[in-house]
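Next, two complexes with chain A in common: one pairs it with chain B, the other with chain C.
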Partner chain A sequence: MNKYFQIFKISFQEEFTYKINFVMWRVRNVFQIIVTYYLWDTIFSAPGREVFGYDRAKIMTYIFTLIIVRSIVLSARAVDVSSDVAEGNLSNYLIRPMSYFKYWFTRDIASKVLNLFFAAGEFAILFVILKPPFFFQTNIYVFLSFLMAIVLAILIYFSLLFIISAVPFWAPELGWGSQFLVIIVMLEFLSGAVFPIDILPGVYQKIVMSLPFPYMIFFPVQVYLGKITGMSLIQGFVISIAWAVALYLAMRYVWSRGLKEYQAFGR
Partner chain B sequence: MKKLKYYSKIWWLLTRNSFSIVLGQRVALLFFLTGKVLRFSLFIGFLYFLIQGTNGLAGYSGNQAIFFFLVFNLVDVLSQFFFREVYRFRPKIISGDFDLTLVKPTNALFVSLLGGADAIDFFTIPPLIIATWYAGSLFHPSILSTLYFVLLIVNGFLIAAAFHIAVLAMGIITLEIDHTIMIYRDLTSFGRFPVDIYKQPVQGLLTYLIPVGIMITFPAKALMGLVSGGGILISMFIGVLALFLSFRFWNYALKKYASASS
Partner chain C sequence: MDRAIIVDHLVKNFEVIQKEPGLTGAVKSLFSPTKKQVHALRGVSFSIQTGELVGFIGPNGAGKTTTLKTLSGLLYPTSGFVSVMEYDPWERKPEFLKQIALVMGQKNQLWWDLPAIETFELNRAIYELNTREYEDNLKELVELLEIGKLINIPVRKLSLGQRMRMELTAALLHKPKVLFLDEPTIGLDLVAQQKMRDFIYEYNRKYQATIILTSHNMDDLVDLARRVIVVDEGKILFDGALEELVEKFAKEKIIKATLAKSDGIVDLEKIGKVRKLAFPEVVISVPRNAIAVAAAELLQNFAVDDLTIEEIPIEDVIRKVFKGGIFGK
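Moving on to the complex of A and B:
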């Protein structure tokens, strides 16, 4: 356990090596939130307006909760795994007395802790400047459900990232391409990070909700808002857990097959 | 004229090389092309359903909102097509390979900025132009509005060039910023929607200081007949000024360049 704690510490310190780089990364995140905020602020500018089942307070809470949820779920160092595989650097880790999955999971946790710290600061600053109506969840059971949804979201994202990062085992030139298609494009839109999934018509909502993406952002935020309760909440958790387990098993299988193909190109 | 021919030939050679590299990896090309088309389609879908539910955006109709997004894509994709080499610049500085660019008998800025068009965007530009033309034709613009539109699109492209040159210059001056070009992309993403949706002072900043509004919103507004002659003149002035300042910044940065290799 101590070795993973050391990895956590080193990874945490590594984030500060290029301070301006890190600050600009956070600035980029703030830009994305500002665009989304002003879009919905314009739509809900008329007092008492309700659209897609949201009022101004709920949609602003959705957007501001995104700041925290994105920083916890989507900040991950494991995006570098595909280049490790493509460039042959994976060999360095295979000979070490530690689990490659646990190594990257530990590094991910370090990144999430740091990003959460800064996201909380950004949340506070934007809250003071923009003064949005915000719904603070006071029901402890709902809040605990929210935390559980976040944990499942982290596990889903980690497994998905590793599965995509395994593509270079068979096609080293597709490392970045596969990440771009699945993580940058599909995940951004279908997770609820750009817009709430429930603005889509019923049939499209059902299709998207059968995928793992909305359980990374949209589902946890809806749980926090108290919009998913009772049987819908249980159903959501069942699907989320099913995806977490399925993707974990797929990750182990794909990696075991990939290691048999691994030829350390570039070494 | 002789220099224009010379640099046109250089651009053609560099672009041909760039295209050969990308077309040699067809599966990767397919992944990226699919990703770009999917991103565009998903965002258009989002806009469509959004406007269906809200009956307009900031006083603009559904067609107008979609046209703003198409113009954003046109300026964005054209910039990415021509200036793709900027994304490959920072590794050259870190490795010292920029020295090899400096010793060649071509302008270092030209090679660093335009040294290899993007083959992927080559496929997306024609359908985008057709979609923009079709969406714009729905407003039945006058010849003058169309002329203003084309003029401001060119102006927007010049501002994009100025941004990219500034990114190159920053890449020389500081090695700490990995993704300066992505910060530019995030700034221009404010232009996906008309800048009217942003409240002051953000709207003012985006229009005149970081001229995303002039780059993207103004051309679309010009076609709709919503920009005055004075507004167009100011836009052109800001475009030329941005380009002038970016050249000065590049020249300053070159003097600060210290090679990483011997």
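Moving on to the complex of A and C:
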């Protein structure tokens, strides 16, 4: 256990040496939020306007909950894994007695803690400036459900990232492209990070909700807001647990195959 | 017989996708890739005793690094048998990994932006060393490699040679019993090279560590390796004592003579290849089987004061190995 605590510590230290990078990444996040905010603000500029069952207050609540959920779920250092594989840096980890998965999971956690800390600060500032409507969840059961949804979201994202990062085992030059496709396109649009999934027409909504993506952002947010309760809450958990398990197993499988292909590039 | 490393008929192929130049080529290779097998190792067999220090030599692309990577569990063998201290490296069991180290010049495990001491601390946790072991080992390595002043400086600010020493320290903190060193002296200045060699020698002697060392550096081999394995194109060409290498591969011997007179000196060419002519000294190389005849002829036809017959210097043979000229190609 001490192993992974050390990794946590050193990751934290390293994040601080990349001060500029880190700040830029946070600035990017803030801009993203502001852009989204004004986009929706314009759409709802007419008083009393409702779009897809959302009025201004509801959508703003959604967006502000998003900030926190995003910074917990989507900040991950494991995006570097695919270049480790492609460039042969993976060798440095394989040669030492530790689990590569646990190593990156630990680094992810360190990154999430740090990002959450900053996101909370940004949240407070934006809250004061923009004065959006926000909903503070006080029901302890709902809050616990939310925490569970977050844990599942983290696991799903981690496995997904690792599966995509395994592509360079077979095609070293495809690493970046596949990551772009899955992470930027699929994740942003299908997870609910740009718009809430329930504005989609019924059929599409059903399709999207059976994919793993909305369980990374949309589902936890809705659980927090108390929008998903009872049977649909249980159904949501069943699907996201099923995805978490399936993706975890897929990740183990893909990696055990991939490591046999691994070429340990470099001298 | 205590064999630390056994390699039997090891084969490793790499599959590479061939690309044609240009954009159309790139698109084409995406949809119908032309695959090609690179035969990096074509049936390599050898075994190494505990405590041995073996030099692994051969020209570029011979398969040295590939062998070391397979022995340390990074590469999955295409076929053949590999065992290191009775472990199958591929399984990468923690007990196995705790007893080996692979040091490669360019790949490094040091955290680039942090001082090396942070990586050392991390390795202490990863290898589960107790405080005592860790402190003793670190102190010893710091003294041997003279890096005391450098361990608190961010790694990116160190020079290549300083970084190599840090790398070595990080790799040896857990006192591995088996050490794979891939060109450990590359890029070091002469003084640092000598220090590195002294260190490797000491480490081998003190801990009875089994060491495989690859190098293109003559001095590394002459100083350190009693036994060498020569590989080329994925095959072993020679495995034995360094001195035997000369007997086996030097097809010629050398006659050194001191002449009394310079008469007919141009005729020396008839006896053998004149390597050096600085009257009164001459050096002639002659095929091994013709050496007696050549010496007799020389004594008969020239006024010779002194004559010796010698083996070709070991350096010349090794140099030939490095160039891949050992086949006589």
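Methods note: the second predicted complex is superposed on the first by the 266 of 267 C-alpha atoms of A that agree within 3 Å, B and C clash if a C-alpha of one lies under 4 Å from a C-alpha of the other, contacts with A are read in each partner's own complex, and residues count from 1 in each chain.
Heads up, the rule we're going with is that contacts are C-beta pairs under 8 Å (C-beta built on N, C-alpha and C of every residue); 3 or more make two chains touch, one makes a residue touch a chain.
Remember, it's a predicted structure, so these values are computed and weren't measured experimentally.
In the superposed pair of complexes, A:Tyr18 makes contact with chain B and with chain C alike. Number of chain A residues touched is higher for B, counting chain B against chain C. In the superposition on chain A, A:Val245 makes contact with neither chain B nor chain C. Applying the stated contact rule after C-alpha superposition, one finds that A:Tyr262 touches chain C and leaves chain B untouched.
Looking at the shared chain after the overlay, A:Asn89 reaches chain C, while chain B stays out of its contact range. By the touch criterion defined above, A:Lys3 reaches chain C but does not reach chain B. Annotation: chain A residues 18, 171 touch chain B in one complex and chain C in the other. Contact residues on chain B toward chain A in their complex (touch as defined above): 25, 27-28, 31-32, 34-35, 38-39, 42-43, 46, 49-50, 53-54, 57-58, 174, 176-180, 182-183, 186-187, 189-190, 192-193, 197-199, 202. Only residues 18-21, 24-25, 27-28, 31-32, 34-35, 38-39, 41-43, 51-52, 171, 173-174, 177-178, 180-181, 184-186, 189-190, 194-195, 199-201 of chain A touch chain B when the two sit together in their complex. If you check the complex, the residues on chain A that touch chain C are 2-3, 5-7, 10, 13-14, 17-18, 88-89, 91-92, 94-98, 171, 259-264, 266-267. Across the interface of their complex, chain A is touched by residues 14, 17, 65, 69, 72-76, 92, 94, 97-98, 100-102, 104-109, 111, 113-114, 118-119, 121-128, 154, 182-183 of chain C.
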